[in-house]
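Take a look at the structures listed below.
Next come two complexes, and both contain chain A; in the first it sits with chain B, in the second with chain C.
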Partner chain A sequence: MNLDVKYVFPSKLKMLCIALMVVGVITFVAGFLINPDKTWANYLLNNFYFVSLSIGALFFLLIQYIANAGWSAVFKRVPHAMGAYLPIAAVFFILLYFGMHSIYHWTHEGIAETDKIIAWKLPYLNIPFMMIRIVMFFALWILLSRYLKKLTLKEDLQGGTGFFEKSVYYSRVTIFVLALTFPFFVVDMIMSIDVHWFSTLFALKNFIAAFFHGSAIIALIVILLNKVGYFPMLNNSHLHDFSRYMFMLCIVWGYFWFAQFMLIWYGNIPEETAYFVHRWESDWKTLFFVDLFINWFLPFIILMPRKTSRSKPVLIPMIIILIIGQYIDLYLQIMPGTVHENSFGWLEIGTFAGYTGLFAFMVLNALSKMNLYPKNHPYIEESIHHHF
Partner chain B sequence: MKNKYLLGVFGDEEHLLDAFEDLKANSYKIEEVYSPYPIHEILTGMGHKTRMTHAAFALGVVAVLGLLGFMYYAAVISWPLIYGGKPFNAFPSFIVVTLVATILIVTLGTLFFFSARAKIFPGKKAEIIHEGATDDKFVIVFNASDIKDNKDELYRLLKRHGVEDIVEK
Partner chain C sequence: MYNTEFRGKLIEGNKSLGQISQDIVRPIDAKTPRWWFISMGISLVMLGLGLYAKYITVTEGIGSWGLNNSVGWGWAIINFVWWIGIGHAGTAFSIFLLILRQKWRTSINRAAEAMTVVAVMCAGLFPLLHMGRVWNFFFVLPYPNTRGPLWVNFNSPLFWDFVAITAYLLISASFWYFGMVPDFATIRDTTKSKIKKAVYGFFAFGWTGSSKEWLRYEALAFILGGIAAVLVVSVHSIVSTDFAVSVVPGWHTTIFPPYFVVGAIFSGFAMVLTLVTMIRKLYKMNDFITDSHVDAVTRVLIFVSLIMGTAYFTEVFIAWYSASEYEYYMFFKNRVFGEYAFQFWAMVICNAFIPQLFWWKKIRSNITAVFIISLFINLGMWFERFNIVVTTLAKDFLPAAWAGYSPSYIEILLFIGTLGLFGAGVLMFFRYIPMIAIHEVKSVAKYDKPSHERKHRNHEE
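Let's turn to the complex of A and B:
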């Protein structure tokens, strides 16, 4: 099998991505003129959404390295490419500085004097420290994901198992770094919207959500590339393994979602239940259950049988539903605390389209710049002939 | 009938698989294959499909409905008590118990179904078809009535593939 293949980014798809980006920019400009507060909330939502996909894909990659997984070796360039979105995301998150007043209640001048709870949280939640954290987190993620990419690209040229062993070592480092940084990132960016509320499971739940939907996106990219003629080695066993990740993670996601909800529901402490009471009011109630239905129940039932978890016609719509699922999950976590009303409309659709275009452009562009298969990967043969 | 079975005993996986493919190509009816470890080609080649997963799923559904139904009956119908300001049907708090008990019921249930299907029970005397099958040998079992017409051909075929021993019992 010829492994010297490069992905060619078709100019039509490029134009589509750019068109989507233009739609996004226009929506943002219109949004900032009409309703800046709501637009900033959307800005945060989309930024976080696509960072979570990148981080989830990175985590997927790290697990493959650390577990010495053979089956996925040939697809590893896809999560590598998904890391290419991180530098742009870093810039966007630094620009969030200008929107903090609209999103975060605790950044308001003099709020600490009247609000005792915020005053206590001030040593951690203050704008300079928050900006330092954003810069530090993104610097670490970008450095480490770039270094892993560099190692596998060098492996293409020189071969040998040395680069793989080094990748495994740095994957262990990165997994520690992710575990220590991403939860704080989640707390800063999303949990601090509802600044009076806290949940110790919140960060972990979002971490699992990122891993869950990041893995789903990897599978989607691989399947779609397979449809246009790349990844000819993709077989039922690979599909089964991809859907096992989704199946397993939907259960873990549901577990964390439920654990967080149940403890608060059962504890019945007003300062904790306020968060869920707000989301259980008529405006959000439907979405609250749709979130659980889409992210847990549907994949659980649909991906359970062996037949459906090996079928592309099932997996593609399933992943598209999961893409919506992650959006609803974040929408429910961000919008009630910022916009205070469920008003989904052109702003949400336009901005999401813009970010989708940008993300697709960055990922496919990065993918087209390297060899599509890590041809000197020690497990490449095992991966191509994967069968169970 | 005197001889119920004919056994082809092989020393290694490679010879067994060659013989197995050849036997299938010549449409011999194979009763059973014993090997020291599971062999993928044999598992798919024998064409047996397990329905254990369906049994497990059905058990799971029954367990969930039964447990939730029981807890609903106990907490709402039979002995309604208000505790901690919760509604009688404190559904979210039932889920944890349901989850754990369902796992137990499914585990024990599949064990029971499997034992019933394989006709094994505590204290049953083991039926050992060939001493080697419990050790390091690979044994193909034929039903004597299936192969009585072309026994000589079968002998030749097995010998061609390096069978170590042929036993009729």
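Let's turn to the complex of A and C:
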């Protein structure tokens, strides 16, 4: 099999991505003129959404390395390419500086004097320290994901097993770094919106959500590329393995969701239940259950049978539903504390379209610059002939 | 196409399938070694001490323990959670690694499952004894009765616990047993002793090894595995709700269910490591439990240790971040710095720091070091449970009710008794059951052969 293949980013698709980006920019401009607060909330939501996909994909990649997984070797360039979105995300998150007042209640001048809880949190929750954290986190993530990409690209040119061993080692380092940074990132960006509220599981639940939806997007990209002629080796066993990731992660997601909700509900302490009471009120109640339904129940039922988890016509709509699922999950975490009312409309659709275009552009562009298959990967043969 | 260059060899010594059976069955047919009798003797003495403690507990009551009104849960609950945690490894090994197609699991899963069954039995003793009137334990069964009728409290995690553990014991014991059926048949067919032939033949359920039997057998393994995978998570999640559904600082925290499950897998893997390094040394099973097996387990341990460390850190951080003075007091004035700082830091050092030594290949490949570190993890996980159970109860919302706690000698003897039970159970397992799943090891034997020897099989993979 010829493994010297490059993905050609078709100009039509490029134009579509750019068109979506233009839609996004126009929506943002209009949004800032009409309702800046709500627009900033959307800005945060979309930024976090796509960073979570990149980080989730990165984590997927790391797991493949450290677990010596053979089946996925041939698809590894896709998660590598998804890391290409991180530098832009870093810039966006730094620009969030200008919107902090719209999103984070605790940044308001003088609030600490009247609010004892915020005063207590000031050593951690203050704008300079938060900006330092954002810069530090992104610097680490970008450095490590780029280094891993460099190693695999060098492996293409020089071969040998040294690069693989090095990748395994740096995967461990990266997991270590992610474990210590991503939870704080979640606390900063999302949990501090409802600044009085706290939950120990919250950050980890978002980590799992990122891993879950990141893996789903990898599968989607692989399947779509297969439809246009790339990845000819993609067979039922590969699809089944992708489905297994989604199936397993949907269970873990549901488990974390339930663990957090049930313990707070059972404990019934006002400081904690306030968060859910807010989301239980009429405006959000439907979404609250829809969130659980499409992120846990649907994939759990649909991906259980062997037949459906090996079928492209099932997997593509399933993943598209999961894309919506992650949006709803973040929408429910961000909007009630910022916009306070459930008003989904053109602003949400336009900004999401813009980011989708940008993300797709960045990922596909990065993918087109690499050889599509890591041809000297030690497990490449195993991966091509994967069958179980 | 399975690549052993990086993954390490699954079986050393280029053995034929016949040799594999012989090597694994050999200790069962051989004369019982002297160390076995000595360790069995020690285990039985410990078991006897435990029986004495049980006698005192039953005749005198819970008053013979060191508990008081504030600290109503002491060593008994600590040990219960500790043993249940250890009892997770078998299923974690068999099921999770089965689902993940990790072929190295085959040499270790039998020992892990055996350990599970014994550990869950040890765990079950403590809640039973803690009831005080152990002869009335059947009151926890929900059935229409003549006591009123008096029903159990379905809202209570203690009842969920009972259900989860019973189900888990049943499923893991059947999983373990059915896994052994083909191996019992192997012993039946190869042994020369008539008694053994009859006994193992009885337990082998007339296994013939036809392809139809294998087909059904594998379907059964997957179904039981699927059920047990859910149970393994549910059991420890429910154990965590024993604490987390309360409103006491230090107990009421949302991270508890996954944190307990991960902790259980952590302590279970550590105990598996303790056990397989012993099997390797005592029965010279180096060819089956190879360096790469030990390496794989230690690498899993680093990863899980990292999760544990993150969980400890998250708890402490959120205790500060919550701005709740009770949470803050519990963690900072009581655990991190305070009366129970020793237990807290013993837990952190044993569970989060010491396993990080496995980052160095030199330490991973030194069996003595691996053995010692695995013991440290077992110890650390015990301290974790002490930390959770005692520190919170000792100092709750009412300072007037604050109390200290130290175990009475009866509680200590009870614990020693379960260690004796565990030791005796494991020794019986060493002696009478193939320690390594023969048929499963055979199924992966082909992967170690050089590729030109197995070329004709490639279409199978």
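To be clear about the criterion, the second predicted complex is superposed on the first by the 388 of 388 C-alpha atoms of A that agree within 3 Å, B and C clash if a C-alpha of one lies under 4 Å from a C-alpha of the other, contacts with A are read in each partner's own complex, and residues count from 1 in each chain.
Here is the rule we go by: a contact is a pair of C-beta atoms (placed from the backbone, for glycine too) under 8 Å apart; a residue touches a chain by one contact, two chains touch by 3 or more.
On a predicted model such as this, the values are computed, not experimentally measured, just so you know.
Partner contacting the larger number of chain A residues, of chain B and chain C: C. Using the contact criterion defined above for the overlaid structures, shared-chain residue A:344 touches neither chain B nor chain C, since it reaches no partner. When both complexes are overlaid on chain A, the residue A:266 reaches chain B and chain C alike.
After overlaying the two complexes on the shared chain, residue contacts for A:66 are found with chain C alone; chain B is out of touch. In the superposed model, A:202 makes contact with chain C only, not with chain B.
By the touch criterion defined above, A:385 reaches chain C but does not reach chain B.
In the superposition on chain A, A:280 contacts neither chain B nor chain C.
Applying the stated contact rule after C-alpha superposition, one finds that A:97 touches neither chain B nor chain C. Residues 266, 268, 388 of chain A contact both chain B in one complex and chain C in the other. Interface residues of chain B, counted against chain A in their complex, comprise 40, 57, 84-86, 92-93, 95-96.
Against chain A, the residues of chain C that register as touching in their complex are 1-3, 5-7, 99-102, 233, 237, 241, 244-247, 252-258, 299, 302-303, 306-307, 309-310, 313-315, 318, 320-324, 359, 458, 461.
By the touch rule above, chain A contacts chain B in their complex via residues 258, 261-262, 265-266, 268, 304, 388. Here chain A touches chain C in the complex through residues 66-68, 70, 116-117, 120-121, 124, 161, 164-165, 168, 172, 175-176, 179-180, 183, 187, 196, 198-204, 244, 248, 255-256, 259-260, 263-264, 266-269, 271, 378-379, 381-382, 385, 387-388, going by the rule given at the top.
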